[in-house]
Every structure is written in C-alpha cells, then in structure tokens.
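In the part that follows, the structures are each spelled out as structure tokens.
The two complexes that follow have chain A in common; it is paired with chain B in the first and with chain C in the second.
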Partner chain A sequence: MHRLFLRDIGTVVLPLAVLFAVLPYFYDNGLLLLNFVVFLVLAQGLNLTYGFSGYLPFGYVGFFGAGAYGFSMMMTLASAPPLLAVLGGGVAALLVGLLLTPLLRLQGAYFGLASLAASEALLHLIGNPSLQDLTGGPYGVRLNTPYAPQSTYVLAIVILVLTMGLVAWLRHSRFGLQLQAARDNSLAASMAGIDIVFGRLVVWLASAVAAGLIGAVFAWRASTFFPDAVFDINFSIFAIVFTLFGGAGTLLGPVLGVMLLYGLYNAIGVSAPQYFQLGFGLLIVVLVLFFPEGLAAIPRRWARHG
Partner chain B sequence: MSALLQTTGLEAGYGGVQVLWGVDLDVQENETVVLLGPNGAGKTTLLKCLMGLLPTRGGSIQFRGQDISRLPSRARVRLGLSYMSELAVFSDLTVDENIDLGALFVDRAIARRRRDELYALFPILLEKKRQAAGGLSGGQRKMLGVAKALAAEPKLLVMDEPSAGLSPLLVSTVIKSLAQCRSGGLSLLIAEQNVKFLELGDRVFTMEGGRIAFGGTPAAIQADDGLRRAYFGLGV
Partner chain C sequence: MLAYALATGVIFGLYFALVGVGMNLVFGVMRIVNLAHGDFIMLGAFGAFWLFRGLGLPPPVVVVLCFATLFLAGLPLYYLLVPRLFRAREPEMLSLILFFGLSQVIEAVVAMLFGNNERSIPSRLLGGGPVPIMGQTVPFAWVYAGGVSLVMLAGVYVYLYRTRLGRQTRAIMAQREEAVAIGIDIHRISAIAFGVGSGLAAVAGVFAPFMLGSFTPSIGVSLDLTSFAVIVIGSLGNPLGTLLGGLIFGVSLMLMRTYLSSFADLLPNLVLIGVLLVKPTGLLGRRVRNA
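Entry: the complex of A and B
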C-alpha cells in the first residue's frame, strides 16, 4: 500500500472514527451523533463522484432513499436479518446507479437537473398508492426491527470508514490520479491512454452504494418513516454544500464542512432559524467569493503565495 | 513492406457538413511526413480522425497492420500513436507530473530513463519541472506537449500545427528539437501551414478541400510552379 494512503488513514480516517466511537460516552444525544455520521458519509459519498469525476448529482438523495427502501423491503417482504437487509439497501442503490448510468452522457447543469428529476421520479414511484403492498406507498414504512441504537451507530461508523478509505485511496492511487486527470482535462487524459468512461462509472457506482448503505442504516434507526422523509432534497443540498464548503476532491474538506456547518445548524439552526439562515448564507457567499476551492484549499493557497 | 500508418478513402465531417472526401495518406517507419494546407483544408479533421476524437464516415485507418478506425482513443495511444497538442497538457499539474502522466502505460524503469532523456532534449522544462504547466509560456507549453507525447514511447507522433502562436525564433527552436527526436527512430506526422517545416519532411502532402492534392518529396513541391506559388507566395 502507498505510504500517503496509510498516512491519510492514520491521521484522518481512524482518529475521526475513534472520536465518534467514544463520543457517546461523553454526550448522550445519540440521534444527533448518528446524524453527524450520516452526513459525513453523504458528503464523502458525493465527494467520490463530484470530487473525482466532476459530476454533481443534485438528486444524490435518490440513492439514500433507494437504500432506505431496499432495507425496508428486505425486512418486510423477505424477513431478512437486519445486517443482510443493510447490504440489500446498498444493492438497491447500486441498481439505481446502474440504471442511471446513461445520465453520465450529460454534462454540467444538465446532469445535475436530470439526476434531480430521477430522484423525484423514484420518490413518486415508491410513494404510489397502488404499490402500497410492496413499498407501503404514501403511508410510509413501519418496521418491526429491533430498536438497536448501538448497532446502527457502529454500522454507520464502519460505512464512514469504508467510504473515507476509498476517498483516501483515490487521492493517492494510480487509478485515482487517472480520474483526477480526466476531471481536469478529458482530452489530455484520453491522449494519455486513460479509460475515462470506466473511471467515471466506478466512482458513480461507489458513490451510489455509500449513500444506499447509510440510507439503510438511517431506515433501521428510524424504523417508521414516510417516503418524503428519505427522499428529502435537503439531504442532497446539505451534502453538496458541506462538500463544496470544505473542498471537493480532498479527504479532510468534507469532514470540515460537516463539522462546521452541520454543527452550526444544530447549534442555532433549530433554536433561532432566522440567524442560522443569515449566518449560513453569509458563510457560503464569503466562501464562494474568496475560497471557491473550499476550506481545504486555504493552506495550499497560502503556501503558493507564501 | 506495409506502411506504419495508412489511411484509405477516409471520409469524415461534422453534422451535415462533410469535410474529408476520401483521404489517402501513408507514413512509413522512421519517416517524417509534413501535411501542408490552408485553413479549412481538413488537416485538423484528419488528425482528429486518426486519434479517435472524431468518428470516421468511410474508409479505413491502418496502424501497424491493424484497422484502428473503430478503436477508442486510449487504445490507439496504447498502440503507439501519440498526439501532441498544447491543449493536451494538464495546466494544474506540474511539468514533472505531466510527463509522468504521459508515461502512464510505460514500464516505470523505462519511463524514468525516458524522462531524463526528455529533460536533456528540453533543458528549459528541467528548470521548470516543479512549476504548474499553466504558468509556462506558449513555447514552453508546446515543448511540454511534445515531451508528454514522447513520454508514451510512441511509434508515431502526430502534431497539429506546432508553430501556431509562436514567434519565428521559437519556431526554429521547435523545429530543431523535432529534428533531434526524429533521429531517435520515431516517425512524425506534422500538420502545418508554416513552410519552414518542409525542411523536416522526408515527404510532403498538401491538402485542399478535404482531399490530398499532392504527395511527394520537398524537392518536388519546390519544382512545381503552382504549388510554389500557393505555399511560398513567390511570383513566377
């Protein structure tokens, strides 16, 4: 294994996992901690596709919802054990990802909007009253799974470690270098003999699976939810804003984005939503104006202009 | 003996406009071919077809005895067909990294030795090896484009207007370095408008209106009054 990859695992991924593993002993709002991990996975999962191929899926929540429903249907229809059902959630998202691969032919805003439309279509398909026997339709899902806050939390941390491990590997492997090259200049990349389409497909599907797995964990923890709750566009928006704020294509960036912005959201967003939106908006304006590459790019900039 | 590269009746175009009308062109091993022609003659379109950046509509492209006209670009590059364009450098990456990426599919030990040779060939790049390619001057970017293309250990290097945007002095420098590359047993196909490149060519093709108008030695083009008028602007 590459030295830099191991360094990233040792200095970022594992410390973060350990931090979240011990936090419940000091802080007893378990649901909030789980939500942090969920958004960390979503931000890093989005980072896989946006940071390494340049595709920004506004409909990213579609994979999350597919994972939640994949899990629920495995539980209700097949009475699968929960762990297997979580994998089923990942597979459901993978299938949706495969189905949507033709979208990768689109570029920029067209891709973003098409993926948004796809996630809405999936929501209305799943929430259709005539599918009530299969999905629960608009009346939502009510699972009889054992309520297992500890298992779901540990599972979420495992998924986070896997997702971040993949980001770290892409940052330092030959395959990841090819992807970054293709993202920056696809002509130059194809003239270096790089298989651009294959690389994009890999990160697209990996990104789908990450959201699907964490969606399954979310469904397990919630056990009762309506379709709107797991296809909420805010999941996409939060994941995008956190990733861009921190710095796409980096390992630490999305972590900083989630910690700062989701932290801010929970600190004042619930009690004083008007100040939160003001602060949130100002932060994003300042960031876009002065640090378009995200927080993680600031030290690099200083180094360059040193 | 079969040619290194041979196009037969090649046709191509964009949308409703056909640009190439049956192009027959060949490049032999260890040969430098210069493709001359005015703007709009179809030179760039022909090169794009060779590299797989534009689908062909008819005819065939043989490279090293294999029909490559349906292969994706990356497969052509891996077969030993390399394309030089200043657009094909990564501006955000350093000179060193660009050359490394050029050699992505070359054995690492060979690639390292090759890089030293390339820096010997283009000393200016060695000085700038830790700088971002986006900060290089036009001439340096061209050199980097050539170096990146050569790092892939190609059999045939295809170049689209290496002189474009360069001062006459830099054009001479580029010609000199290309002459050096050629001595290493490499074939070159150079599309140009600048007749100074004729001195490099073993053979010359001229293109007009999407067809090959003339093919022969540089001496033959000089001997032909019509061609001399067209390309050298000399009165007869």
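Entry: the complex of A and C
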C-alpha cells in the first residue's frame, strides 16, 4: 500500500468514522447524525465522478432513488433480509449506471442535463400509476422492516469509510493519477497510452453504487417514503455544492462542505427555508465566481502568492 | 382526433419554441446554459398576473412591458456574472451551477415577497370565444399565444439576420476569437443577446398561465428541462432551429396526451436523452463536440 494513501486513511477517514461512531453517546438526535453521514457519502460519491473524471451529473439523485427502490422492492417482492436488500439497492444503482453509460459520450453541460433528464425519467417511471403493483406508484412505499436505528447508522458509516477509502486511493494510486491526467487534458493523456474510457467508466459506476447503497440505507431507516422524496433534485444540488464548496478531487474538501453547509442548513434551513434558499443561492454565485476550486484551494493560493 | 392532436400540437409547438428560444440564444452566443431561464419565465407569469389580471392592461402592452423590464434587468446581470465566469477553467460546466444559484435567489426572493400560493388566470379574460379547429374547439387564449409566439420568433429572425447588430451577434456565435480580432465589442453584443433572451423568456411567461396552467415561484426547474429538450432537438446554439424543436416537441406531447396520457410526463426527458445519444448536435446542428 502506498504511504500517502495510508496517511489519508489514518488522518482523515478513520478519525471521521470514529467521530461519527462516538457522537451518538453525546448527542441524541440520531436521525440528524444519519443524515450527515448520508450527505457525506453523496458528496464523496459525487466527488468520485466529478473530482476524478470531470463529469458533473446533475441527476446524481437518480442513483440514490434507484437504491431506495431496489431496497424496498427486494423487501416487498422477494422478502429478502434487510442486509441483502441493501446490497440489492447497490445493484439496482449499478444497473442504472450501466444503462446510462452511453451518456459518458456527451460533454459538459450536455452530460449534466442529460443525466438530470434520466433521473427525472426514472422518477416518472417509478411513480407511474400503472406500475403501482410493482413500485407502489405515486402512493409511495410502506415497508414492514424492523426499525433498526443502530444497524442503519453503523451501515451508513461503513459505506462512508468505503467511499472515502476509494477517494483516498484514487488520489494516490497509479490508476487515480491516470484519471486525473485524463481529466485535466484528455488528449495528452490518451496520447500517453492511458485508457480514458475504462477509467471514467469505473469511477462512474463506483459513484453510482455508493449513492445506491446509501439510498438503500435511507429507505430502511425511513421505511415510508414517496417517489418525490427519494428523487428530490435537492439531493443532487446539495451534493454538488458541498463538494464544490470544499474542493472537488480532494478528500477533506467535501467533508468540510457537508459539515459547514449542511450544519448551516439544519441551523436555519428548516425553520426559515426561504432565507436559506436565498443564502444558498448567493453562496453558489459567490463560490463559482470567486472560488471555483473550493475552500481546499485557498491555502494553495496563499502559498503561491506568499 | 388525430387531426385535432396535430393542430393543437402545432399551436403548442410555436409556444414551446418561444419558451426555448431565449435560452438557445444565450447558449449560442455565450456557450453557457442559463438555468435561471425558467425563473425569468416565472417572472413573466407574475407580470401577466399583476398587469393583466390585476390592472387590466391590454395584453400587447403587458407583453411589451414584460419584455422591456427583463431586457433591462438582463444587461447588468450579464456584466455582473458572465465576464467573471469566463475566467474560470470550465465556464460551460460551471455556468450550470452559477445560474442554478441565481435561480435559487430569484425563487427565494419571489416566494418571500409574494408567498408560495398557486396563481392562475382564467383564459376567458383574454376574450374571444372557443375557436373551432378540426371539429373540436380550443380556447382563444391558445391561438393568441401561438400567434404572439410566431411574431416573437419572426422578431428574432429580423434581429439576427436583418440588422448590423444581428450580424455581429452571429459572428460571435460562429467564431468567438475571430470576432474579437476584427474589433467586435464582445461584451456589449453578448449583454444585448442576454437581455433579449431574458425578455423573450418573460414573454413566454406572460402566456404560461394560459398554456401550462397555474404557476408558483418554483416552476423554474421543470421549465428549464423543457426548454433544454426543445432546443436540443432543434440544435443547441441555433436559435431558429428552436422553431423545429418546438414543433416536434409540441406535436409529440399532444399525441402522447391523446393516446398514452399517463406517460406524457416522461416525454421531455426521453426525447432529450434520445436525441442527445443519437444526434447530440440536434437535427439542424453542425458538429460541435471535440472528443
């Protein structure tokens, strides 16, 4: 194992996991803690594909919803045990990801909006009244899963560790460095013999699976939900802004983004949603115009000038 | 039934072309995706609600006022956001996020000032009785909106192809660097195009209550997807291709509503993905991708 990879695991991933593991002993809003972990996974999952291949999927929430529905359909139609059904959620997201691989031929805004359209199409398909027997249609899902706040929380932390481990590995491994080269200059990278298509495909599917697994955990914990709730475009937007705010392609950046912004959201967003929306919108504008590389780039910028 | 679906499809197609044409003009000139476009449409709908339903001004006056207001608002907005955006590494991709942020700001401010209630305007207020078409009738408001759309699209044609300003605008669309090199004031021309695009969105918004039903401050995102689908079918960056895209979109939407109504919501999304995968440059497009 690479030394830098182990350093990232030891200084960022494990301390974060330990922090979230002991937090329930000091703070008793378990659902809020779970939501933090859910957004950490979504931000890092998006970081896998945006940070390392440059593809920005506006429809990232599609994988989250696919995971939630993969889980609930395994439970209702196949009566699977919950753990197996969570894996089923990951598989469902993987299949959707495979189905959407042709979108990777598109570039820039085309890709972003096509993936958003794909996630909307999936929502309209799953929420369609004529599929009510299969998915519950627009009337949502009611599961009879055992309420297991501890298992779902631990499972979410495990998924977070795996996702962040993958990000840390991509930052330092040969494969990850090839990807970063391809992101920065695809022509030069392919001239150097790097298999760009394969690399992009791997991070795309990995980020799909991460969102699918955490979507399944979310569905387990919620046990009752409507299609609109798990395909809410705000999941995509939050994940994108959290990642961008901290710095895409870094390990610590998305963590900072989630901690600060999702914390802010819970402080004012729930009681005064319109003030939060206003502040959030202004923040996005300022971020893109003045700090397009995120918080993580600020020390680097100082170092350059200093 | 088929003939009726086709006829209403053409009317809606003209209207959808108007919905998309402003976004396409902005993309063509600046290569940015204006995700606040749907919110400009929403502002136009509010304009119609107050000026037409509230004050009772005649519709043509409402159209001119809404166009002028959003045109004038678009100019400073351009100078505030776009030149700085172009200094970033990937302006096209970041424009999605930047204008999404702007759309959040507009939505929040409108919701704070006027509340989240659904608003509507009864279409009989536009006057005229039901218009007979193909053995059935359509509301006069639809025909009116289709007619105004056609006039606005003709206006875009005149602006782009019959004026000096339009020739400079098309020069920037074709070759940005060379346009700079021959001394075209890029920012002035682009700011005007941005203003015109915003104004066209507002005009589409004036008729949104009649064509799309009741509206709230948050209708923007779904209108963005519809606009994007329309202009991708026609081809991104070719404002007049939007007319073709709108017609195809309108006719297929009406056919879906007639024969397969429960899946009609899927249509814009599937059309968008389908066209992007089969012919990403749109039906009238030149090649723009380079990898």
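Throughout what follows, the second predicted complex is superposed on the first by the 298 of 306 C-alpha atoms of A that agree within 3 Å, B and C clash if a C-alpha of one lies under 4 Å from a C-alpha of the other, contacts with A are read in each partner's own complex, and residues count from 1 in each chain.
By our rule, contacts are C-beta pairs under 8 Å (C-beta built on N, C-alpha and C of every residue); 3 or more make two chains touch, one makes a residue touch a chain.
This one's a predicted model, so the numbers in the text were calculated from it and none came from an experiment.
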Contacts of A:148 with chain B and chain C, given as first, second, both or neither: neither
Which superposed partner A:14 touches (first chain B, second chain C, both, neither): neither
Partner chain in contact with A:178 - chain B first, chain C second, else both or neither: first
More chain A residues in contact - chain B or chain C: C
Partner chain(s) touched by A:162 [first = chain B, second = chain C, both, neither]: neither
Which of chain B and chain C A:191 touches, first, second, both or neither: first
Which of chain B and chain C A:264 touches, first, second, both or neither: neither
First, second, both or neither for A:201, with chain B first and chain C second: neither
Partner chain(s) touched by A:124 [first = chain B, second = chain C, both, neither]: second
Common interface positions of chain A, toward chain B and toward chain C: 187
Of chain C, residues touching chain A in the complex: 33, 81, 84-85, 88-90, 92-98, 100-109, 111-112, 221, 225, 228-229, 232, 236, 262-263, 265-266, 268-270, 272-273, 276-277, 280, 289, 291
Contacting residues of chain A [partner chain C, same complex]: 54, 56, 58, 102-103, 105-110, 112-114, 116-118, 120-121, 124-125, 128-130, 186-187, 233, 237, 240-241, 244, 274-275, 277-278, 280-285, 287-289, 292
Chain B residues touching chain A - in the complex, by the definition given at the top: 51-53, 72-74, 77-78, 82-83, 85, 87-93, 101-102, 104-105, 148-149, 152
Touching residues (chain side chain A, partner chain B) in the complex: 174, 177-178, 181, 184-185, 187-196
